[in-house]
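Below: a set of structures, written as structure tokens.
The same chain A turns up in both complexes below, where it pairs with chain B and then with chain C.
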Partner chain A sequence: MKNGLFRGKRAAKALAFVALLLVSALMLLPIVWGVFGSFRDYNDFSLYPGSFFPSDFDAFTLDGYIALFSKTEYIPNAANDWYPIWNWLLNSLIVSLRGSLLYLLVASLAAYAFVFLDFKYSDKIFVFLIATMTIPGVISTAPQLLNMNLLGFYKNLMGLIAPSMGGVYGVFLIRQFFLGIPKDLIENARMDGASNFKIYWKIVLPLGKSALFVQGLFGFMGAWNDVQWAQLIVGSADRSLWTLAYGLKVISDNSEAYESITLSLASAVIAMIPIFIVYLVAQRSIIEGVAHAGVKR
Partner chain B sequence: MENEVKMSPKEARAKLAETGNRLVDESIGSFLSLRHVEKVYPNGIKAVTDFNLEANKGEFVALLGPSGCGKSTTLRMIAGLEEISSGELYINKTYSNYLPSKERDIAMVFQTYALYPQMSVYDNIGFGLKMRHMKKEEIEERVHKAAEILDLGHLLDRRPKELSGGQMQRVALGRALVRQAGLFLMDEPLSNLDAKLRVQMRSEIIKIHKAAGATTVYVTHDQTEAMTMADKVVVMNRGYVQQIGSPMYVYEHPANLFVASFIGSPSMNILDGVLKGERVILEGGFSFPIGVKRAANYRALLESFRKKLEDLLKDPEGNAKAIADLAGSLKPSQKQEKKAQSFLSKFFKKKGEEEKEPTPYEALSALHEEYASLKEGELPIKVGIRPEDFYPEDDFRGFKASPVFRGSPDLVELLGHEFIVHLPSFGTMIELRITSHEVPVSGKSLGICFDLSKIHLFDPYSGMSLMDKEKENL
Partner chain C sequence: MKEVTLREFATREERRKSSLFKAFSVGGFLGPYAICFALFFVFPLVFGVVMALCSFDGKTMFPSEFVGFANFEAVFTNPVLAKDFWGSVWNTLRFALIIVPLSILLPLGLALLINIKPPGYKFFRACIYLPGIFPLTATGLILLKMFDYHYGFFNAFFGLTLDWFGETWSAWLLIGYFCLWCGIGGNFIILCAGLENVDKSLYEAADVDGCGAFSRFLHVTLPGIKDQLFLCLFTTFIGYMNLYGQVYILASNTPDQDAMKSAIYRIQDMLLGSSKGYGYAAAMGICLGIIIIFISVIELIVTKERKGGHAHEERFVSWQKSR
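== the complex of A and B ==
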């Protein structure tokens, strides 16, 4: 066991481990700090020299969360007494779930067509689509807004859902994954008498599960965290239409005072929780992958 | 289609409805019929040229050829996975060029097996039936029956990834079997198996073929598979059918140099020689008689071919297709071409200097000139002799012995019941298959003769065999 190669391998492994640990720590520490901070008395923050964790047990407080779910004065010109944060949560869920599901459906159908159907100019159309990826979103914001207005989706949650259906990035990634599915499988299914939709539904989708999950997760996160577009579409007037991300942004914008740091952090944690749950659910499928064992190469 | 009938659109529609929207031609006798089928890819590459085949019900047809010869493309055209560029395909008297695969009553086994990884063996086998909306009980019955035939009963709940290669292969066969299709298509189904399993599955496939009573088209590059399994072998090269016939016939009467050297292992020895009078003189001066009749026949055949060339070349435009087809079918295999160019010369070639492929017309003109330049009375010839048609001089068991020649073997391979002797002679290395009680020793001189009645003669320029037609004259 004492040969040099083995020791060298172990050293490399240890080095990699340390590097990974370091990167994970860099990623995780702000989150950990934020989560603890959301339960922390603002006075505790002001102590010098300060500490990473709350300094003592008394510093724990739920004030941030209580304020978030009860005090309407954090919302500018709050008139009603009900707490729209539940509304926001629901809105966000509707927008993100519907948006990502529609996004997946459209993207996977398009990817199926690009990979498994022969049609004229398919590669040219695809190149064109890919080219649109290079256009920054900011440029298309105004025309997109006009589009939504024309469709009657202005000040409407549909205005948040509809644009996500045209996600070229998803088409590209799912297509790449579909390209890895052996054509023989599709041809065999075709000879077995399956229609294109049956092939898509029974063969391609089950095999592309992991790619779709990842794409779905991205779509979900994109919709969930989107602030600018939500602000543009639903506007600031009708609070019940706000999404969580936008609402929480308004809250933290209005809580620049040092005292409200707890509140800001609490809102960030609230916004994080659903994503975290989605990740936990999807994680298994992402890691599981799909065995291509049915085909011998 | 040739049999044109005039009718009004209404009548035509009524007639189509009668046959379930299919064009049925009752005059076609064979079950599977391909007529002048060609495949040209959009990039202009011609994969299959003028493919003609008639296969009867229950026949086992093997498409045999080196990789890239168009055999898989042909199969895929029959399957409906590849469009037919021109020509006609009839399956069971039905014009099938444009029928979707699922309506062609075919079942296909892929080289990769193409099992659905996410489904159990049972679902894999039953998928095709399910897609055809068959009743659950019937699917169950058929799947279990197929599983019984293929000995898959205990594996029905497993996923493909839990199966061995041979088991996956059997599932793939089972999937084709349950469909009870009229036509089985198999695309190199055994090439992923090890040698022992391959032999075993060979008989299994024949068993299934007979049990199902279906017509089978089987693509392979393995001549042993084609020879042992098929009723009819179609030898292909570079998209052209080289010969169609029973395995035995193709083996004994190869139509050209390609078939001669492709079929048989070790392959046929091809020797350069000159035909002078009625004697063939090989390199080194060794000569043997082929008979006056045969020699005259050879000359006549060559002359008629030369004449045909001349006629074709007279009208290059009118005969463009015929010229292209002939030139294409005569071209040496690409492998040989590549070999001829050395790697370095290719590497250092300047741009623009690349050799242009001669046009079909140029190729045939060159060939024609080649014939014109032949010396009177002395014709170059290629002689093909199968390894097993050589005998030690004292142990001749053929029909008509040739004169004896001597040589000392470079290498003797022992195969148990026989020897493969590598013998340098006639300016090349010939391989002989000898079953002898006396062990040949490498380096020790050996007296050898061959069976004159079994030799094959080829035209070195066109590669044509000159044996078929003279068979009855012998």
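== the complex of A and C ==
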């Protein structure tokens, strides 16, 4: 009986292994095709479109990347259409890094106030903040655009950073973590005459590192991947102000000609690399962060 | 006597000073966020209502005249505007109705497989989550090329001659595939964590009671991950009511645009055009927001725990005891 159960369990594991292998392969398939395609000569695409990998070794080329990073004419008939990809990369980095770090600072200060400075109505204010999370964001899309214009952030990278500063979720996440820090620690530090800012900077922030890291990662990825808001804020501005995620859409719009396939796949790969590096480094924190959001509520 | 009053005075003074100090430090810590929250969350929300009640002259980005509910009236009765907007809302709702169950059931199935913990399950988990971390424009661009009519891998490999992005139905099919490919990661991880946290002793108890695999799933697993399922239901539904990026990337060249536009797509179009449309866009935003809230409340009522069974059980126990 026990042996049979054991055997059944092993069979289930083997079956699950095969199924997951297939699903993972399906999930990765388009990405692998895209990465190989970005190194593949466009003539090879038109001659052997049904081949998953470049059909022979000569079909490998770096032309797509070279054309993307230089002003070289790649597509004969679209000589004027070059893409300031360095600007886009830099803009995306500025927006993602500055946005996520600024928000971390602002949100962790607020979370500190909610947890360690027991002021009047702090609980009620916090409940109110949580309640505002149920308001659908669509309502404020149009007015936020005018708000950015009012503040002079329209057609400006600040317009991509500012709206996320008012977010509630990060404060909630960081507060949850701060609640786990023993109050005695803070009280002792206070007795020793440490100021609130010193306690925040020297004790609470180092202890809350992991929560801050997770929130920072989500902030970074959200800002890097955003297309909709970028289209509204910088889409009508000069090309050099675009972010990479938005620029890609325009590359794909311009890539009707089959000669441009290598270049457009190369641009997609360039946009994926930074996020992929973040994922490689912090895969565990990211997955735990998502799981945490679902379980501890 | 005098000493006491001095002490009292001193403590009172100290307290007053410390409370002032406290207010100061609360202001210092909460202040920056409070300003951001007011400026980038509360103000747009209030201003949105104002915008929806104003008309715009198209010369500046700011409201020119107060017109009351005229914008809402137009959204409901203007032949072109109403048809465009409600058609797009219908497109979005129809799509959400299909994609939301799939975006919960598919990751649930995968999470159950992960929960068996075959060798390398952590690697598989990371692989399944991977596509969702990339910018939609990058993954979408790859799909566009893979399903290209002339030179795409898919058509050539399977010998098809289908213009995937030219037909309405196949474009929606690919949008659905895109949403599943890049959108199930979050739900998948949440459900994995939920399954991990189900009390193991319940499974043993079910085994002892001779439960089959299916009834064990129905009576132990599902109730155990109820919270996660509800969370996924709400966030996924709201997410797909806000569908934009996937359609914008894959279907902006599909001939029948009316059949492809999602509600957010319409609003985005309005906002990208002349400011004459801003009042309508704000009104549409409020309409869509109300629809989202309305359906969420319905979901909340439907999925709410039925206390009835337990209440009867408790009353039955107390009634038995009292006899």
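Definition applied: the second predicted complex is superposed on the first by the 212 of 297 C-alpha atoms of A that agree within 3 Å, B and C clash if a C-alpha of one lies under 4 Å from a C-alpha of the other, contacts with A are read in each partner's own complex, and residues count from 1 in each chain.
Operating definition for what follows: contacts are C-beta pairs under 8 Å (C-beta built on N, C-alpha and C of every residue); 3 or more make two chains touch, one makes a residue touch a chain.
Just so you know, these numbers come straight off a predicted model, no measurement behind them.
Measured by the number of chain A residues touched, the leading partner among chain B and chain C is C. Chain A residues in contact with chain B (one complex) as well as with chain C (other complex) are 290-295, 297. Of all the residues in chain B, the ones that touch chain A in their complex are 79-81, 100-102, 106-108, 110-118, 124, 127-128, 131-132, 159-162, 165, 168, 175, 179, 192. Those residues of chain A that touch chain C in the complex are listed here as 12-14, 16-17, 19-21, 23-24, 27-28, 30-31, 33-34, 37, 45-46, 48-50, 52, 105-107, 109-110, 112-114, 117, 119, 129, 132, 134-147, 149, 151, 154, 162-168, 171, 196-197, 200, 221, 224-225, 227-228, 231-232, 235-236, 244-246, 248-249, 251-253, 255, 258, 261, 264-265, 267-269, 271-272, 275-276, 278-279, 283, 286-287, 290-295, 297. Residues of chain A touching chain B in their complex: 182, 184-185, 187-194, 198, 203, 206-207, 290-297. Residue ranges of chain C in contact with chain A, taken from their complex: 22-23, 25-26, 28-30, 32-34, 36-45, 47-48, 50-51, 61-62, 110, 113-114, 116-121, 123-131, 133-146, 148, 150-153, 155-157, 181, 185-186, 189-194, 196-197, 227-228, 231-232, 238, 241-242, 244-245, 248-249, 252-253, 264, 267-268, 270-272, 278, 281-282, 285-286, 288-289, 292-293, 296.
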